[in-house]
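Mind looking over this structure? Questions follow.
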Amino acid sequence: MSIPQEKLLRLYRQMVAIRLFEERVNDLYTRAVMPGLAHLYIGEEAIAVGVCEALRSDDYITSTHRGHGHCLAKGAKPHLMFAELLGKEAGYCKGKGGSMHIADPATGNLGANAIVGGSAGIATGAAYASKYLKQGRVAVCFFGEGALGQGLLYEELNLSQLWKLPVIFVCENNGYNEYTHFSESTAGDVSARAAAFGMANETADGQNVREVYGVASKYIERARRGEGPAFLQFKTYRYHGHHVGDVARAYYRPKAEEQEWVTQRDPITLHGQWLMDNGIAARPALDAIQEELIKEMDAAVEFAVSAPYPDPSKVNQDVYV
Amino acid sequence: MSETAAPPLQATGVRELTFGEAIKEAIAEEMRRDPKVVLMGEDVAEAGTTFKVLLGLVDEFGKDRIIDTPISEAGFTGIGVGAAMTGMRPIVDIMFGDFLMIIMDQVANQAAKIHYMSGGKWKVPLVIRATMGATRRSAAQHSQSLHAWPSHIPGLKVVVPSTPYDAKGLFKAAIRDDNPVVIFEHKISYKKVKGPVPAEDYVIPLGVADVKRAGSDITLVALSSMVQTALGAAKMLEEVGINAEVVDPRTTWPLDEKTLVESVKKTSRCIVVDEGYFRYGITGELASVIQEQAFYDLDGPVRRLGAMHVPIPFSPALEDVTVPSERQVFDLARQMCNR
Amino acid sequence: MSIPQEKLLRLYRQMVAIRLFEERVNDLYTRAVMPGLAHLYIGEEAIAVGVCEALRSDDYITSTHRGHGHCLAKGAKPHLMFAELLGKEAGYCKGKGGSMHIADPATGNLGANAIVGGSAGIATGAAYASKYLKQGRVAVCFFGEGALGQGLLYEELNLSQLWKLPVIFVCENNGYNEYTHFSESTAGDVSARAAAFGMANETADGQNVREVYGVASKYIERARRGEGPAFLQFKTYRYHGHHVGDVARAYYRPKAEEQEWVTQRDPITLHGQWLMDNGIAARPALDAIQEELIKEMDAAVEFAVSAPYPDPSKVNQDVYV
Amino acid sequence: MSETAAPPLQATGVRELTFGEAIKEAIAEEMRRDPKVVLMGEDVAEAGTTFKVLLGLVDEFGKDRIIDTPISEAGFTGIGVGAAMTGMRPIVDIMFGDFLMIIMDQVANQAAKIHYMSGGKWKVPLVIRATMGATRRSAAQHSQSLHAWPSHIPGLKVVVPSTPYDAKGLFKAAIRDDNPVVIFEHKISYKKVKGPVPAEDYVIPLGVADVKRAGSDITLVALSSMVQTALGAAKMLEEVGINAEVVDPRTTWPLDEKTLVESVKKTSRCIVVDEGYFRYGITGELASVIQEQAFYDLDGPVRRLGAMHVPIPFSPALEDVTVPSERQVFDLARQMCNR
């Protein structure tokens, strides 16, 4: 499938934006400016970007504890996300949600979720509503391979296939559930688990943003046509710790393995190289994109840091409609 | 409040309906009003639920709106949550309230918190139907009354109706509410409890208690099936010259503290009766609220009667003694009024 | 596989015993002697009998709401079961459990369960203990195809395969979840759901007791050798209603369908015929077995009906050890 | 009871340990005593749990006894139930107490009822480790204190320790108990709370409250983290001449009513403080029990302080006001003692 030039450049820009965003999150944590913890998406950018590029703005997504990339790729504004991460009133959730609960109706983001696999039903329900209301919207459920351990996922695979709902289950297989290699937690074959329900499925390289975009587009449009759900597995890797505090990782994964992915499989480097090799953009153009985004992200952090905290009196608002 | 105790006088065509018929009518009326209302659960369509309460609805609304599901309570409750966020007003039917234990993450970690966690941006107008009540000889996993659990969780509303009139009005309010609402229907009451129900459309606001019987000597606070028990006890008490007031909160959350407290301030005595497990449940909260706010008007401690704190046994010889009886309420009330 | 003669006869006897037991349960319900409801196993006898015949007496089973057949096949005494069904003190559970909770450590019966799929973890846990304690015991988890809707089952399939536990998942596919045909609740292929976890699996005729016994023996011994769990699907049919009160069934399944199974696929008739065709037993011998069992069952009912109810004071005993 | 408040004098080698170290020591000692004790959960082995509380245990006991599981809380809890029935003494670790919502069927429909449903024939010596406590900036799905839920269910025992000494003694008792026990460990206390712990083997029986501070003017009933809060408030109260008694039930079930009631009969005033949601939870039951049995000795109503009845917010500016503070306890106590 041939991807128009400006799309190819947007794929690059979006990945860089997420990378820069997450680097600043890590910095805010290290400088003790951010309360709590955060799970960085660095290394996995191609999945969120490739999938969301294939979605309409009124399509839905559900996200995870590692959700910043999904939210940004679906159109979230960095300054409102930083504000939420810092617990400020100006944040997407007025500071009530934080890193693991960014939600935004304006961009179809049904919310990140701190319960592993917890959003499988929500995404399936949004797909059900879209079908019932004949809206032609598709819902994407992002989840890590660790969610394969949650029974709820299988109930939703069965229900969505049975009812031919326009939901796409996107398994981001980064090889680890927290500090455990997924081979120690996962028997058999991942995609066979979807195939068992008669669900369309495909496994692809999560570090190649064009491949992700291509595969996602194919199944998203299929779902939009009413031909049913799909299960997509993308092989990827998280460069940083399970969360920002997970720095000494040698006991559960070799440094060499990390190095190999960072140096050989980086989705941004690979796509940038491809853009240059194919004469779509020269280095200066790519650098310019990065420069521009750095300014944007620094300004966004600025905004968030100087934004006020919510007044304590707001604590019991928004409990009920 | 008391105008909701009996059907409004101007009510057109008040019929005598069973508790189950009233619930079916509420659902049917709301489904006619609003095409976004759908109901899903196991064997809800042609079978009309295991309790046959919804028989016939599928004929009017079709299988796209009265939806049979696989045996996946967590799965379809999750669908209900997502559908509620995206424009629908789903009712999920989990059959036996005991199965709440399977769906609590979807109910209490997801549905209850989404509005708050999103800073008020998303809402979840979902109704969860659950049943409660023992003495059906269904044993420990099919007889529990678990309304205390969702009542403990901020973000949920909990409806526990006792009469056909209340059931219709409260169920309609629950469906129109923009928050997740768990409604507990008493299984035995489905057929056993009958009462006048207007054919017309009416809603009973959530959070308004109802004085089921006015009295002056002692207040009996009761929910669901225990309202009938309390009314029965009140009759017995009348014969010994004790005039009991029976107050039904109707919803555990929001909770109409004012009506409860006013009644007890008036009578100076109170027994809270509930069919849920006795410990760390409904009676503890209600008794605490009452003693906190009516302490100086109380003659003695607020007393409580709940389901015996044991798993519910199968044998009739054992099961029947686990649920508070009219006799127990009568004896305790009489002793408190020392007559 | 050739089955010794006395085993072939015991298979017949056991099936007849369950049939006669259940007929009396139905009668006790109809005469309003039994409190509550019961789910009859009539029509499915070959599965419990074939599987349990392949088990050691110290092996474990978990059962379901439709559990009388499993309990009897594993060695439960009819008079103590009838007593339990009638809520009598003499019953297996002192009247506290009833039809859906018959349990008996003496025969390795971990208990029937009123939560669909609810015993999948218990059976897997017993298999785990057997492996850890090096006891060589196998655990069989009986469940209806409706339990395929419960996410817990998939968690246990993954865990048991991952840890190579000696547990056998026996799916009794009688075609209906209560009043819904399983095709309306089940997407894809049933045994593929186990295969997806890399689990050994086989589908067989649940009306042929010799076939059930053969398949079960093969996988039970394999599990006992430490080669891991298995998933067995047996196609079967329940002759009666979902429970004793479900009499008008035409709205969810055709009478003709019921008739076909009853007349063409009855496990007792088929095995009896086979025994005669192969000269293992003549009609009189089979009739004798039946006569003897009728006496035993009638005596068992007698015992239960005349047994006393528990004293109400026992209600709060056995809550805690 | 009070002899358990401080380590026995004859204690050999009393060390200062953190709350987390005491729990690890209890588990290690029991695993040495009894090869049938195993522990399973997510990242419990090399990672020593998400909270690092069990670091090193796997080196001594190996991966066959400190078992890493998939992210299948219901799945491995079910395995724990079955294994407990068949000769093991498993400890299942569900990490954040919020995940209890995923395993409640296995805990409350299965583990809690098996002994009773089987007429006493099967037993389930299972320990379920859960955490509780807010102010870690983990937001609504990782900060709850849900000890009220299992406390509502007959058949379960519920342990809520507040000090390292109690944690070790109660955890060992829980492991040796033949019933299913849910133990709630306060996350912040893991590192923050330190105290003397004997190196020797000792158990604290479940169902025995402990007077953490003797006093005469008012009784502060508190559990877990709120014991520290109550003790802090007691210090502040001392400065204004109010002598507060702090009573820690230590287990919500079995419940040592006697010690609570005796204290309140003596002081005639009581505040119950808990970190769980305020409504239909721990404080309601304890306040009810106390007013039922000490009513005529009470100066005024039993008062309650619990976590604000809202989903737990992320922002520090909001989260901190949801948990009862020393200041709140102090102000309320002072007002009740009108000084």
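A, B, C and D label the chains in the order they appear, each numbered from 1.
Here, a contact is a pair of C-beta atoms (placed from the backbone, for glycine too) under 8 Å apart; a residue touches a chain by one contact, two chains touch by 3 or more.
This structure is a prediction, so every number in the text was calculated from the model and none was measured.
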Exercise. Would you pick out the chains that touch chain A and also touch chain D?
Key: B, C
Quiz prompt | Taking each chain's C-alpha mean as its centre, the one farthest from chain A | solution = C
Practice problem: Please work out the Cα centroid separation of chain A and chain C, and write it as a whole number of Å. | Solution: 46
Quiz prompt | Chain centre separation in whole Å, for chain D relative to chain C (CA means) | solution = 41
Quiz item: Approximately how many whole Å separate the CA-defined centres of chain B and chain D?
Solution: 31
Exercise. Please set out, as single numbers or ranges, the residues of chain D touching at least two other chains.
Key: 69-70, 72, 74-75, 98-99, 102, 105, 109, 116-117, 139-141, 154-155, 309-311, 313
Quiz prompt | Numbers and ranges of chain A residues touching at least 2 other chains | solution = 93, 95-97, 101, 113, 115, 118, 148-152, 155, 158, 162, 184-186, 319
Quiz prompt | Sites on chain A touched by chain C in the complex | solution = 148-155, 157-158, 161-162, 184-189, 192-193, 195-199
Self-check item: chain A-facing residues of chain B, complex
Solution: 36, 38, 64, 69-70, 72, 74-88, 90, 105-106, 109-110, 114-123, 154-155, 157, 177-179
Quiz item: Which part of chain A faces chain B closely enough to touch in the complex?
Solution: 60, 62, 91-97, 101, 103-105, 110-111, 113, 115, 118, 120-130, 132-133, 139, 151-152, 155-156, 158-159, 162, 317-321
Practice problem: Report the residues of chain C in contact with chain B in the complex, numbered from low to high. | Solution: 35-37, 84, 87-88, 93, 95-101, 113-118, 146-151, 177-180, 184-186, 251-252, 309-312, 314-316, 319
Quiz prompt | Touching residues (chain side chain D, partner chain A) in the complex | solution = 42-43, 46-47, 50, 68-72, 74-75, 98-99, 102, 136-142, 308-311, 313-318, 321-322
